[in-house]
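Take this structure first; my questions come after.
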Amino acid sequence: MMLESLRKEVLEANLEVVRRGLVLYTFGNASGISRAEGLVAIKPSGVPYDALRPEHLVITDLDGRVVEGNLKPSSDLATHLVLYRAFPAIGGVVHTHSRYATAWAQAGREIPCLGTTHADYFHGSVPVTDALHPQEIETDYEWNTGQVILRRFAGTDPMARPGVLVTGHAPFCWGRTPAEAAHNAVVLEEIACLAYHALTINPSALTISDALRDKHFLRKHGPTASYGQK
Amino acid sequence: MMLESLRKEVLEANLEVVRRGLVLYTFGNASGISRAEGLVAIKPSGVPYDALRPEHLVITDLDGRVVEGNLKPSSDLATHLVLYRAFPAIGGVVHTHSRYATAWAQAGREIPCLGTTHADYFHGSVPVTDALHPQEIETDYEWNTGQVILRRFAGTDPMARPGVLVTGHAPFCWGRTPAEAAHNAVVLEEIACLAYHALTINPSALTISDALRDKHFLRKHGPTASYGQK
Amino acid sequence: MMLESLRKEVLEANLEVVRRGLVLYTFGNASGISRAEGLVAIKPSGVPYDALRPEHLVITDLDGRVVEGNLKPSSDLATHLVLYRAFPAIGGVVHTHSRYATAWAQAGREIPCLGTTHADYFHGSVPVTDALHPQEIETDYEWNTGQVILRRFAGTDPMARPGVLVTGHAPFCWGRTPAEAAHNAVVLEEIACLAYHALTINPSALTISDALRDKHFLRKHGPTASYGQK
Amino acid sequence: MMLESLRKEVLEANLEVVRRGLVLYTFGNASGISRAEGLVAIKPSGVPYDALRPEHLVITDLDGRVVEGNLKPSSDLATHLVLYRAFPAIGGVVHTHSRYATAWAQAGREIPCLGTTHADYFHGSVPVTDALHPQEIETDYEWNTGQVILRRFAGTDPMARPGVLVTGHAPFCWGRTPAEAAHNAVVLEEIACLAYHALTINPSALTISDALRDKHFLRKHGPTASYGQK
């Protein structure tokens, strides 16, 4: 069996978002990439999580051809592949329909940076994509979902905002590893929840200052990070 | 004991909606039908779920006559029967007072199709019935609850929208099997929750495009379905 | 030990509201009455629930004199006693600070009868008391809390609406037994939650018709009740 | 190992806020002080809670110098130290990003005293700090977070309102012991939740009367306290 260690990491990322309550039934999928081999491991489509074993994961190349596995890959595979091809720093992608993040995606609204919990992970608002055009939906829908994400991130660093809301759909998150992508998906749901409640309390709540946003983001990320036992 | 396998399926559907948190005390009921025999198995009225065994289910014919069982059937039996008689494709019916779906029913508002989670299951908005007239309430209330549902679905395919909100009351869902009806009840609650939060964030949130709605519904349903391991 | 069976019922009612998530720390209390002996069993003040045993309950007479027990009774004892003296049909009282019901009490708003879940238990809106006058707060506060409830129920049947919101405070519920009082407290929390969400979706949501309200209330209560296995 | 008993109390306070659902991942920290020795025990930075043992806690002096421990202290240490230096009556400090309290902090709004649950713990509204100036963020950020709290409490008794919302950030709570600080953090989250829902129901909900506020606060605090088994 190929990529045994990656399979385990990807399985664990899939299970983590389930344990954290982000997934109803099979509404989500996590993947990971081996950059050395140019191969991706992804959850199979529609398989219940409690039956999922490392050997059920599907291995594909970056064109989506199945290299190992008897099951069909997640229907969102093409979106994951677009992200891996465009964002060389990422090692994992996680897609969920988690409640608050999906509500923001359905509302078609960016999540403004209202607090330090947000700034610890996202350097600025959580972006929302444009809607896909009908022709982008009819042909190569999942691939075009990736493209609409790329358009939204053009000229920006995907590691500074490790997730996106696909409008009318749901979030995609990423990270250096599958575990980090799952962690970011969990935090995005929390950020989305906090902003939902903050704006209900005060619809004209202000975003935090650039200084505070930078302080928190850089305390956790980049060369000057000081959080944790590093 | 008649219909042993159907009894088990119906018991399991009743327990599934409890496990998923859709039911407080005994506020819900699931049933299933054997089309071959024209018989329905339904939860007895007011019996605690943890004491429920297959032999407690009540078997009735399509006129509501008890064919087997010592307990009284659920008080909503007549509503289930109306649905089985009018919708030949369905094999199970589930009624709950789940929180978000019931809130929409109490609000008297259709749930607009704001996202793909919705479109994966409902091809368009989740319909709301008209209110019953006082005379429909005073006589044959539960039967008339079924009739008001039928009026709302006149000329439409019930499998394209496998559930309804009875205004001022709560949802009824259905499916090809009791398990699918329970699954749809769980998903309806999720859809209702997502729409609640999306519209709080953005009261003028738009429904998704017809192209996106069709893409998602048809990816999961009908002859061109490609989701899961089919 | 006196009233052993009543003590067990009251303990169980106290634990039920904890298990159902209505109680944070020790913010709640349940009591029961032996009408034959004119004695009340009530939770002691500020004792953690997981250490609570039948022998810890405090037995008092209807003037609040401790008849058996080494612990201080709940600080809300006097409110319970007022209710027992004024409402001869009740056998149990439960007070909690459950989240949605308390939010309505803090909002100072009656919970309108927006759906059948509500009408199954409350025949009309859930009432809110007036605020207490400063002098009613300074002297005999808990007794006066009972009085302000009685004023709100003057000329009405307390069994038709088995609970109340004390404005700026929280709900009190009652029933024929401690178990029924606890059950009503749990249902009131659910009703409060449903109405909260329904009115957020549609601030001008209508109350259900008198015919529907009566149908549901009388299906569960009174001489014509038909719900459950009765 | 120094301060073994304090270490256990602080560990327990850290675990309590996790058990109560106030903490996602490592987003929180509790500390305690030995006034006799002028030493503080605090959670190490970014260590998972389920691996936390008394010996992992970090002991520092009131200038933040590590006296015992191999791990880095929580990044919020300096904020805790400012509070210990300025508020001689406190023995524990707890910081979380709990959902409702953080939403209020992000909204930049004080939590008005709308009910008795609130008045049992906070004698008046829950205060919000001013925003920090950019220069306060760039240099000695965590120390200045403490200073902005002190400015908000100037001339008032910190024991009468045992917590604060740092605007755009999250709550800090305190108490006579680490356990009491954790308890206050849990109650603040509940208060924040109740006020959120009460104001959604009725945006012009009134604060309770001074008489009711005083009655409840003084029933639990100060020389005339009568709640519990004291």
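Each chain gets a letter, A, B, C and D, in the order it is written, and its residues are counted from 1.
Everything below uses one rule, namely that a contact is a pair of C-beta atoms (placed from the backbone, for glycine too) under 8 Å apart; a residue touches a chain by one contact, two chains touch by 3 or more.
Owing to the predicted nature of the structure, the values given are computational and were not obtained by experimental measurement.
Q: Going only between touching chains, how few steps reach chain C from chain B?
A: 1
Q: Moving step by step between touching chains, how few steps can get you from chain A to chain D?
A: When the steps are counted carefully, the minimum from chain A to chain D is 1.
Q: What rotation angle takes the CA atoms of chain C onto those of chain D? Round to the nearest 5 degrees.
A: That rotation is 90 degrees, given to the nearest 5.
Q: Could you label the chain A-chain B interface same or different, taking same to mean over half of its residue numbers are used by both chains?
A: Mostly different residues form this interface, as fewer than half of the numbers used are common to both chains.
Q: Using mean CA coordinates as chain centres, what's the chain A-chain B distance in Å?
A: 33
Q: State, to the nearest whole Å, the distance from the C-alpha centre of chain A to the C-alpha centre of chain C.
A: So the centroids are 46 Å from each other.
Q: Residue numbers in chain D touching 2 or more other chains?
A: Within chain D, residues 196, 199-200 contact more than one other chain.
Q: With chains as vertices joined when they touch, what's the shape: line, ring, star, complete or other?
A: ring
Q: All pairs of touching chains, please: list them by chain label.
A: Inter-chain contacts occur between A-B, A-D, B-C, C-D.
Q: Which part of chain B faces chain A closely enough to touch in the complex?
A: Interface residues on the chain B side: 114-117, 183, 186-187, 190, 193-202, 205-206, 208-212, 215, 219, 226-229.
Q: Quick check on the complex: what are the chain D residues that touch chain A?
A: Residue list for chain D touching chain A: 24-27, 44-47, 71-72, 75, 97, 99-100, 102-109, 131-132, 134, 137-138, 141, 168-170, 196, 199-200.
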